[in-house]
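For reference, the structure is listed below as structure tokens.
By letter and in written order, the chains are A, B, C and D; residue numbering begins at 1 in each of them.
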Amino acid sequence: MVIVMRPDSKESEIQEVAKVVSSLGLGVHISQGTERTIIGIIGDKRKLGDVPLELMSGVEKLVHIAESYKLSSKTFKPNPSVIDVNGVKIGGKELAIMAGPCAVESREQILEAAKAVKKAGAQFLRGGAFKPRTSPYSFQGLEEEGLKLLKEAKEATGLLIVSEVTSERAVEIASKYVDMFQIGARNVQNFQLLREVGRSKKPVLFKRGVATTINEWLNAAEYIMSEGNYNVVLCERGIRTFETATRNTLDISAIPVVKSLSHLPIIVDPSHAAGKSIYISALSKAAIAAGADGLIVEVHPQPKMALSDAAQQLPPDEFSRLCKDIEDIAKIIGREFKYGG
Amino acid sequence: MVIVMRPDSKESEIQEVAKVVSSLGLGVHISQGTERTIIGIIGDKRKLGDVPLELMSGVEKLVHIAESYKLSSKTFKPNPSVIDVNGVKIGGKELAIMAGPCAVESREQILEAAKAVKKAGAQFLRGGAFKPRTSPYSFQGLEEEGLKLLKEAKEATGLLIVSEVTSERAVEIASKYVDMFQIGARNVQNFQLLREVGRSKKPVLFKRGVATTINEWLNAAEYIMSEGNYNVVLCERGIRTFETATRNTLDISAIPVVKSLSHLPIIVDPSHAAGKSIYISALSKAAIAAGADGLIVEVHPQPKMALSDAAQQLPPDEFSRLCKDIEDIAKIIGREFKYGG
Amino acid sequence: MVIVMRPDSKESEIQEVAKVVSSLGLGVHISQGTERTIIGIIGDKRKLGDVPLELMSGVEKLVHIAESYKLSSKTFKPNPSVIDVNGVKIGGKELAIMAGPCAVESREQILEAAKAVKKAGAQFLRGGAFKPRTSPYSFQGLEEEGLKLLKEAKEATGLLIVSEVTSERAVEIASKYVDMFQIGARNVQNFQLLREVGRSKKPVLFKRGVATTINEWLNAAEYIMSEGNYNVVLCERGIRTFETATRNTLDISAIPVVKSLSHLPIIVDPSHAAGKSIYISALSKAAIAAGADGLIVEVHPQPKMALSDAAQQLPPDEFSRLCKDIEDIAKIIGREFKYGG
Amino acid sequence: MVIVMRPDSKESEIQEVAKVVSSLGLGVHISQGTERTIIGIIGDKRKLGDVPLELMSGVEKLVHIAESYKLSSKTFKPNPSVIDVNGVKIGGKELAIMAGPCAVESREQILEAAKAVKKAGAQFLRGGAFKPRTSPYSFQGLEEEGLKLLKEAKEATGLLIVSEVTSERAVEIASKYVDMFQIGARNVQNFQLLREVGRSKKPVLFKRGVATTINEWLNAAEYIMSEGNYNVVLCERGIRTFETATRNTLDISAIPVVKSLSHLPIIVDPSHAAGKSIYISALSKAAIAAGADGLIVEVHPQPKMALSDAAQQLPPDEFSRLCKDIEDIAKIIGREFKYGG
């Protein structure tokens, strides 16, 4: 960290700041410029705790040089992590495809969806049982009943199950049914919930919030990891911008940026980003070409009958075509995916 | 709601859509344009549930004409609500000023802060006991111990207590100590938590999220109100934009916009919006001039010693000067506030 | 367009609005809802001119159903346009790759760059002669001298030339040297300049502004096209968001969105979007996979010696590897590009 | 400026960077941290020109400590500038109020508007003669004819004239008629145009772009000032955010931020920010309370008949009431404004 002193700061103020920093067991490097003096801090900046250096006399601002997250950073672990979800690896050579309806609605619906996505080659079935919705008057999910149906679909197809948890109670219930927890965009900084899944050892699919910087996201992942659960897979799902043509703006650059800052795998959710099924195929191919470790795609056996987010769910035949394209692109970029047919 | 058909839609498609809408007990008005046909839906649109009209053949898009929130809307209750918090009214003629440190740190600190803000004229003491922080390595609050100190400060000064709750457990604990719950920006769509405070009857100070539209915010308030708790006070605290000169961008327009859409009172938090204490006075005066029903301001007896968000906390003398200015502006715009000295 | 009346509007107000609309030669459809009345307007809404319907008594708001651009819309021309730039076609099966340094700096630099990008397979040489820079103290370009060097590079390699114009004077000068004008992001709504290139017949590479919605962009294209120049190629180059990890956020969704709204070709500029050369390859592959008609990439023979935007320019060997990848991805998605070696 | 070296940088790389910096006549301060070395640069950083330090081996990133604008900065001129516009001072104790219709439409309209705003106390008449509009099919202004009408209104009322210029030709024409040029939001980085008004000595009302950071804005002002014209008045008019309830989001914080960084006066345009006349009064009062040096407000004698932006223009009686409120608030905050009646 660097402390920038004001142009009019006095020598005594500079010395006072240096003294405080030194007293915390940190080194100090004073650099006298023509307009300003800057003070470099040497050592682990967490020793600073919350000492409010920016309020000391003569200080103009603090400039952070290094990231504040640790366990999720590449500095901590230079090589990419491969997360093992009951036998399926995410972040290795093979791409991970998760697919299924926005919400679990009925036995028929989820079984039909599971068979379709399994056939196309997906390794994971997604389906919401606890649904956070903007309005309290919208369908909120089947809760435990939905999780039981997901488990049934798993038994019928061999797919692994990923499903969102929205509260400590949901974590407790879902832990009996799912292979991987999902933390949704709205809960990206629900730190109680992050700690709760951190105390589990189950892998976590951790979505970025619509207004979360990559820096905040990696800091939030730290809440999960600092509780001992290192099995975190990031998921980019679109950020909020001024553009209204799509539901959110898929931040495709987040893929190479995360790969340069963190060892954690990252997959992409094109469905929530686009909000319209006609854009999903283009965005999915783009994500894989950009280096994503997989996708989570909304697929509904009969999109027109869906109880939530109908407009963004793909029918099985389009999903199957998409899986074929992904198999082809994977080869070009040195990855692998087995299209099922 | 209006359904816009595609320019190439067929008469049979238009009739099919009309049939589905009618079957739900809603009226239909078909309007044949030169390029497109549009279908107006008449009646309570919640009857539509989640029927995916946008996926029907020939449909281009749906256009929402009316808001989806109800209890928080001015249509539901045209006159402004006045929320009574144990005798102090928010939303009436008198302005409500809440002040105190970002976090409760010690008995001395909170008592000193309480006396200072009471003296200046504030009616509420704020102070965080459960602190959501971006990094898990930052100070997280004194929890119940902090709440006890707040209660002690209340007994010493007569100030009412408002403090943030971040989980169901925190709600349970805090309900014994505080006069008003605060829901923070990060939890604006933590629907479980909203429902929890909705089941209480205690007033709720409900902050907007950094990327929450006013429409989403009023929908989220609906989660609290639909559980039976109508004592909701909104709090604008800055939104996330591209500008980095301030921590967030105070959306000053939110004040007249909320007043035109909702009957709920709205106050402003200039401290989190600005992120720097030198801007707080200007923003506070602007908020009151724009019609806000009050302020929540961070005040610390010794800002330089603060354990969190030091840069944005005012010292007591500056807060006192601000209260004097507010008294003066209040008169000009037909409101009231009693400066204490 | 639909006029939404206020819940408390009177019958006389509704009739008055209907009368005004009819008097302009437009049809009217009144639809009485349970809460509100809406009035549909039938016919070419440009007949409305700027009549301020939203200010008439009883009117709550206007809702636009159809786009306001015409010549650039798919409704006007359903099939994709193929723009012929002196023999090279943009928007057809073959991908168009434009490459070269941010700014023309010297004969050696531009000739070396031209040979390198030609060898890799690019069909266009880019290079700024008129440089708009944030600070007046930064390098502003070689102006006509730079254009002459570009022409020399064209003669030496057979590459076509695309270069930015920033004023009417620049258009006049550049028209003697370039095959395609470029309008930069900062001038996306410099309507005088758009009209000026519209009066030319030379193809225009038209970049989106950092805060321009797709709707505004297509309206701005209309300024060029309505002067008679239909040879417009759009270029997505990143939008401004809250994320600071990249210079801008590449809006990858703009590709399928533009393809669904407009017949104009669209290419992508990954260099300005990313701002860092390490992300360019990932974003370029993503753009092609998403359906872009080409790329414009900054390539500098010696990036470390560049006089502007050094951090975002690729060295020739990395550009060559990228062209190989593009050839491979092109095949997968039914496009073509000939990698040169 | 500070150069941050990568954690794995070699001593030779550090020395090489230091050598390059020294060779440019700048001082160097090397500070060895536990993880990283940082190199402070001492002296006028413009000496660096565009040397691409960020591409040198071992360099991770550059961190800018000081602003890159100079003439507009408070470091250059610590005391507030007062701009004299033919006798009326902007930035002193007295507030400057500019008002008038969005566009000049007819002699009757502009004369009526002028008389009304003069009566209320405004010192400036605004009115667009060159109108940049999103769509080429909207009304584009009366051009020179409009300017002549403005001059006539000036002669009738004694008001000063401020009007937008959108091209070099417009500057030439307008310089015969107006007292102050206005540069609109869309042209904030139209550097040719900025230089053109910089070569004049006429005061310039310089609006912020909808996606311009304050830092970029002050750099853009530098284009005007570096040509010798120091008579620049800034105008905040709302920025583009995700919120759609208002046309733009008024960045009220820009007022204290600009006051802390620059000596230039700043006024506020609530009309374009809000986009709806019902919010203008609240935003105007907020702006003055926050310390703005004045306002520019759209007032139309008959808003319903306006040819552009009808929804955001105030009728004269509401403008008059607003002027009364401004007189009252001005007193409270130590400013002055004379309400006319």
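In this text, a contact is a pair of C-beta atoms (placed from the backbone, for glycine too) under 8 Å apart; a residue touches a chain by one contact, two chains touch by 3 or more.
Chain-to-protein mapping (UniProt): A, B, C, D = 3-deoxy-7-phosphoheptulonate synthase.
What you see is a predicted model; the values in this text were computed from it and never measured.
Peer 1: Pick the pair from A-D, B-C or A-C whose contact list overlaps the B-D contact list by over half.
Peer 2: Answer for the repeat of B-D: A-C.
Peer 1: Based on CA centres, what chain would you say lies at the far end from chain C?
Peer 2: It is B whose centre lies farthest from that of chain C.
Peer 1: Averaging over Cα atoms per chain, report the distance between chain A and chain D in Å.
Peer 2: A distance of 39 Å separates the two centres.
Peer 1: Rounded to a whole Å, what is the gap between the Cα centroids of chain A and chain C?
Peer 2: The answer is 31 Å.
Peer 1: Quick check: how many Å separate the C-alpha centres of chain A and chain B?
Peer 2: 27
Peer 1: Two or more other chains touching the same residue: where does that happen in chain B?
Peer 2: Residues 211, 240-242, 244 of chain B each touch two or more of the other chains.
Peer 1: Provide the residue numbers of chain A that touch chain D in the complex, in ascending order.
Peer 2: On the chain A side, the touching residues are 2, 4, 7, 27, 29, 31-36, 38, 40-44, 63, 65-66, 75, 240-242, 244.
Peer 1: Of all residues in chain A, which touch chain B in the complex?
Peer 2: Touching chain B: residues 46, 49-50, 52, 54-56, 68-69, 132-139, 166-169, 186-187, 189-192, 209-211, 216, 219-220, 222-223, 226, 240, 303-308, 310-311 of chain A.
Peer 1: Quick one: in the complex, what on chain B touches chain D?
Peer 2: 211, 213-215, 239, 241-246, 249-257, 260-261, 273-274, 278-279, 282-283, 285-291, 325, 328-329, 332-333
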